[in-house]
Amino acid sequence: MIIHLKDNINAEQAAGIAEKINAFHTVSQGKNVLISGSGMKDVPNAIEAHVDQFWVFDNDIQLASREYQDEKREVKIGDVTIGGHQNATLLIGGPCSVESEDQIRDAAQLLVGMGLTTLRGGCYKPRTSPYSFQGLGLEGLHLLAKMREEFGLNVITEARDATHIHEVIEHSDVIQVGAKAMYDQGILRACAKTQKPVLIKRGFGTTLKEFVQAAEFVLSGGNENVILCERGLRTFETNTRFTLDLCGVAWLQEHTNLPIVLDPSHAMGYSYGVPVLAKACVAMGIDGLLIEAHRNPSVAKSDASQQLNHSEFKQLLDQIRPVAESVGYKII
Amino acid sequence: MIIHLKDNINAEQAAGIAEKINAFHTVSQGKNVLISGSGMKDVPNAIEAHVDQFWVFDNDIQLASREYQDEKREVKIGDVTIGGHQNATLLIGGPCSVESEDQIRDAAQLLVGMGLTTLRGGCYKPRTSPYSFQGLGLEGLHLLAKMREEFGLNVITEARDATHIHEVIEHSDVIQVGAKAMYDQGILRACAKTQKPVLIKRGFGTTLKEFVQAAEFVLSGGNENVILCERGLRTFETNTRFTLDLCGVAWLQEHTNLPIVLDPSHAMGYSYGVPVLAKACVAMGIDGLLIEAHRNPSVAKSDASQQLNHSEFKQLLDQIRPVAESVGYKII
Amino acid sequence: MIIHLKDNINAEQAAGIAEKINAFHTVSQGKNVLISGSGMKDVPNAIEAHVDQFWVFDNDIQLASREYQDEKREVKIGDVTIGGHQNATLLIGGPCSVESEDQIRDAAQLLVGMGLTTLRGGCYKPRTSPYSFQGLGLEGLHLLAKMREEFGLNVITEARDATHIHEVIEHSDVIQVGAKAMYDQGILRACAKTQKPVLIKRGFGTTLKEFVQAAEFVLSGGNENVILCERGLRTFETNTRFTLDLCGVAWLQEHTNLPIVLDPSHAMGYSYGVPVLAKACVAMGIDGLLIEAHRNPSVAKSDASQQLNHSEFKQLLDQIRPVAESVGYKII
Amino acid sequence: MIIHLKDNINAEQAAGIAEKINAFHTVSQGKNVLISGSGMKDVPNAIEAHVDQFWVFDNDIQLASREYQDEKREVKIGDVTIGGHQNATLLIGGPCSVESEDQIRDAAQLLVGMGLTTLRGGCYKPRTSPYSFQGLGLEGLHLLAKMREEFGLNVITEARDATHIHEVIEHSDVIQVGAKAMYDQGILRACAKTQKPVLIKRGFGTTLKEFVQAAEFVLSGGNENVILCERGLRTFETNTRFTLDLCGVAWLQEHTNLPIVLDPSHAMGYSYGVPVLAKACVAMGIDGLLIEAHRNPSVAKSDASQQLNHSEFKQLLDQIRPVAESVGYKII
């Protein structure tokens, strides 16, 4: 249940009321909002006098649901806004991993030259083998921060686990919660306490319901700037790395109010399929597209097969722009 | 291995040579073609003198592979051609099941009014319960044939099992091999002996390799008019009926030379998601789109939730046309 | 809905009543039984006077359900009975494919020497590639029949599609409906018209509900001798060929009244894992175990990696016998 | 590559050599062991003189592999030893969540009364909804510690994320890394630095290879006391909660040297199926069995449907003991 309290109640009082009924308390657009589990179907008598409006739910997708708020939410990333009625698809590019200053600067220059604003690059890589390249860690974060200063780019990077989430929050403009980390409450609860945008990737074995509930951890904790990212399910098909779930995207667009970013690079796993999949994604009217690009994919320290080279990345923009326009969107 | 025999060898001699090495023999574009399993890596000495050209393969995707023929094949459906360099997406519409003459005529009139050419409608429904509506069978086929005569439409309908495959071949313009029937060699071998186009749907538990190998049954048996249709995988996600595998489509486009039709209706299972998925499909540059539409979905005898009504179907065309154009395709 | 008609109604009258309400009619243990879809929740007024007893269902698992008949059904295979209170696990052995008279006789002699009664061997192989060995077909059926005559063995073999189902029914003692054919209504409806036992394998992409509904096709058509066989699901895990679903077996034991046979050979795909999985299967108290064994697996024409050699097959019996006894079963 | 250094090299020197080739260094059974990625196929010249023995691998399953060490490892939990040649299956019982002192003491008394030694109970619950019961946290750990003191039981509990891993390490006898946390390097690396046993559960979307690689994080970091736990995959089948992968267990037994514990409770999701699945598990000759039991499952704060009540748990022991004996194992 979501409850909007009356305007004469201040935040402190609201927190007290929340505690009484064991609910979360947040302030949203000047409103005191209480959120309890969907098991609560009636407003408790004890607080009835303070309630302005309330919503009852079948399941624990509450703040993110269209029943609660029918308009798609807006999220600001630096000066850029996505979601809402922007009808804009933010093209985010950059390498799988930050490998060196020289390499990440090349990527930053590519983006700037194309008029793009948002640079991706992994610093804490969630590798499944301890014997693979694990990322540059804090050093990588510093390199991303440097690119922001030099080029005015927004940067997005991933937290692998809760031990370094505060560093990631400090140094990035969008905090990425990776597919393997999206159940990590240490990360989710930390993200709830900042106001920076949080991009949550769907786990490859994660249901739509669990995916949106991960967003509920952040939303109910007080951060409304949540973006959902679909990047492919693990299925029996092994000729592609994962199976991009665009049926699931149609479901998310219908049932949730959160901006949606798609990542065809990880889903496909092979660069040859990325442009054609990117066109499919953009045709759905989405809020962002996450594409891995590396100046020389063949020597990349991770995900070599799926990264576009810089020339392919430039072509990609030319390919997806008319598709975006055909559905009333612009690529930003 | 695929072998092209020299031009001085006639079909009868070619058949004899095929038998000698236990290979399939077909005639394609005037050429005598032998096909053996991919295990054969060298031309047998005994036939070497007759060989013009040959191709060796890693696996049993041979005739359908880009290594053998790099150009996408053309398939003619009545006067309409898809595949090749047509850059055309054939919009196929109609109800899940043929239910009555009145109902299927309404569907036919809808298509004709929209300038479309190809009517779908199931007669032998592969229902998983014996207690559900099983389709009108032969009576349905006769109704479809009537629509062809009245309106000049091409019709496509599904064979459920081998007991009625010859009736389906006789009465339809495109023979649909359904997702549950695509391993059925009784059906596939019968389809190989006609020259009518065959649309093979991928099973929901079928790998890309097995899918294309089903096409190889038809191709190696002598029918080159094969179309592949992706309609969704069965995954752990149950908020949508299936999971449309567009990564798989990217793989098929890269590795096979067969035209591709997509069916977002069955994948999604809910009409609200069909238009947005259809846009994603069309943006990939595909040869056809299979959409279920019913004059009154709420009373449909099968698949009620996923069929568009006629007004939604008309809107769909308006929605997908600009997307097709944005990738250089036209909807036909 | 299942309806038992009163005893004063003869079969002909019963058929008439069935037609009136569009239901199936069978005779079971001297009772006239009508079966309609689970959508029917009330006995139609028109036939009320003739009804002795009736059962209402949530879904289309009706004749196979424990709500209808709580006791596990018995099925006779020649002189052998499984199911019911037999507490017996029938060990069925033999090669994947019948390859030659000599080969299948070796297998038959192995079984007879071990005191076993039931020989398996494929004649129509449902291969996914047209370029693989497809089985000996009718010639294989004749070889199996010969083994029955020579050794008094019961034989079980698979129908691949409806074109040869009548031959399989004629020549085998148990008709196997394979994992790829279990939606094939041409096969299922033919099986419903014989009284020979039918073993239905679960498709690798088939839900438990669909699986049992395939059995309902046979049961409602008049053949009560149905056996269910679990042989593994297709999942993302590729280090084993399939994933044997023993949770599903626990569900089947709880909710259905049909005997259950397990096939660890196909599930595992590698002979090293067959014995230990066979022990797990037998510990569940099952009615049969299907094991592939070949006199020389390395030269087998199909499924080479998963077949036990004859010595391993003999050891298997020694390994599973104490496990069966520990749960109150005997291996027969 | 795994390298055993010569005996004349001390630990400090070994660490230096490891650094030189960018390898992990551990000491195992008095040996200095270096581990590098499986990409290394030759011993580097620079260190050749110090190498006693080395192993080359196809993939990053190295320390856990039978190629490196063919004998199953032993792990000590308090006074109890599992693995190796113990032929013992440790029955671990207790509630899903620690809910109160009274409740967990009841569970402890049950175990002690049955002669069992190891109590499970969740304190940090990895719930997918923020609105569900999240566990008692540190208070729960203290209750478990109290049970250890009162009853001499070993306790096992789960770390949900890296923020509280050190508390879990401090208070439990076996650290459980849950299915949703098993990619969490913050947890895995912390577990590598203790010598307490670590039980890693396989994620429901995790391949066998990734599962064992999670163990490699702990092993290569210096803790050899690793136990693998299979608890079910997420598949398309929803009539059971998950699909227990016993084919995967057969693979693990063949290819890895780590003790294996099975958790049929989570896999099945319904108490009715737990005993029969437990028998299947035990018949495979496993090192432990994890069963959820609650004094009153109907009021449990989590996983109500799958927990046995105390009387069922006692019966379970009677049911599995003869099965264990039939494969030469004892329940401890």
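Think of it as A, B, C and D in the order they're written, each chain with its own count starting at 1.
As a working rule, contacts are C-beta pairs under 8 Å (C-beta built on N, C-alpha and C of every residue); 3 or more make two chains touch, one makes a residue touch a chain.
What you see is a predicted model; the values in this text were computed from it and never measured.
Asks: Counting C-beta pairs in contact, does A-C beat A-B or the other way around?
Replies: So, comparing the two chain pairs, more contacts are at A-B.
Asks: Which of these, A-B, A-D or B-D, makes the same contacts as C-D in over half of the contact pairs?
Replies: More than half of its contact pairs match C-D, so it is A-B.
Asks: Taking the mean of the C-alpha atoms as each chain's centre, how many Å separate subunit A from subunit C?
Replies: Going by mean C-alpha positions, subunit A sits 49 Å from subunit C.
Asks: Distance from the CA centroid of subunit B to that of subunit C, rounded to the nearest Å?
Replies: 32
Asks: Need the CA-centroid distance for the pair subunit A / subunit B, whole Å please.
Replies: Inter-chain centre distance comes to 38 Å.
Asks: So which stretches of subunit A touch two or more other chains?
Replies: 205, 209, 234-236, 238, in rising order.
Asks: Provide the residue numbers of subunit D that touch subunit C in the complex, in ascending order.
Replies: 205, 207-209, 232-233, 235-248, 250-251, 253-254, 267-268, 272-273, 276-277, 279-285, 322-323, 325-327
Asks: Can you name the residues of subunit C that touch subunit A in the complex?
Replies: 234-236, 238
Asks: In the complex formed with subunit C, which residues of subunit B make contact?
Replies: Residues in contact with subunit C: 24, 35-39, 60, 62, 126, 128-132, 134, 160-164, 180-181, 183-187, 203-206, 209-210, 213-214, 216-217, 220-221, 234.
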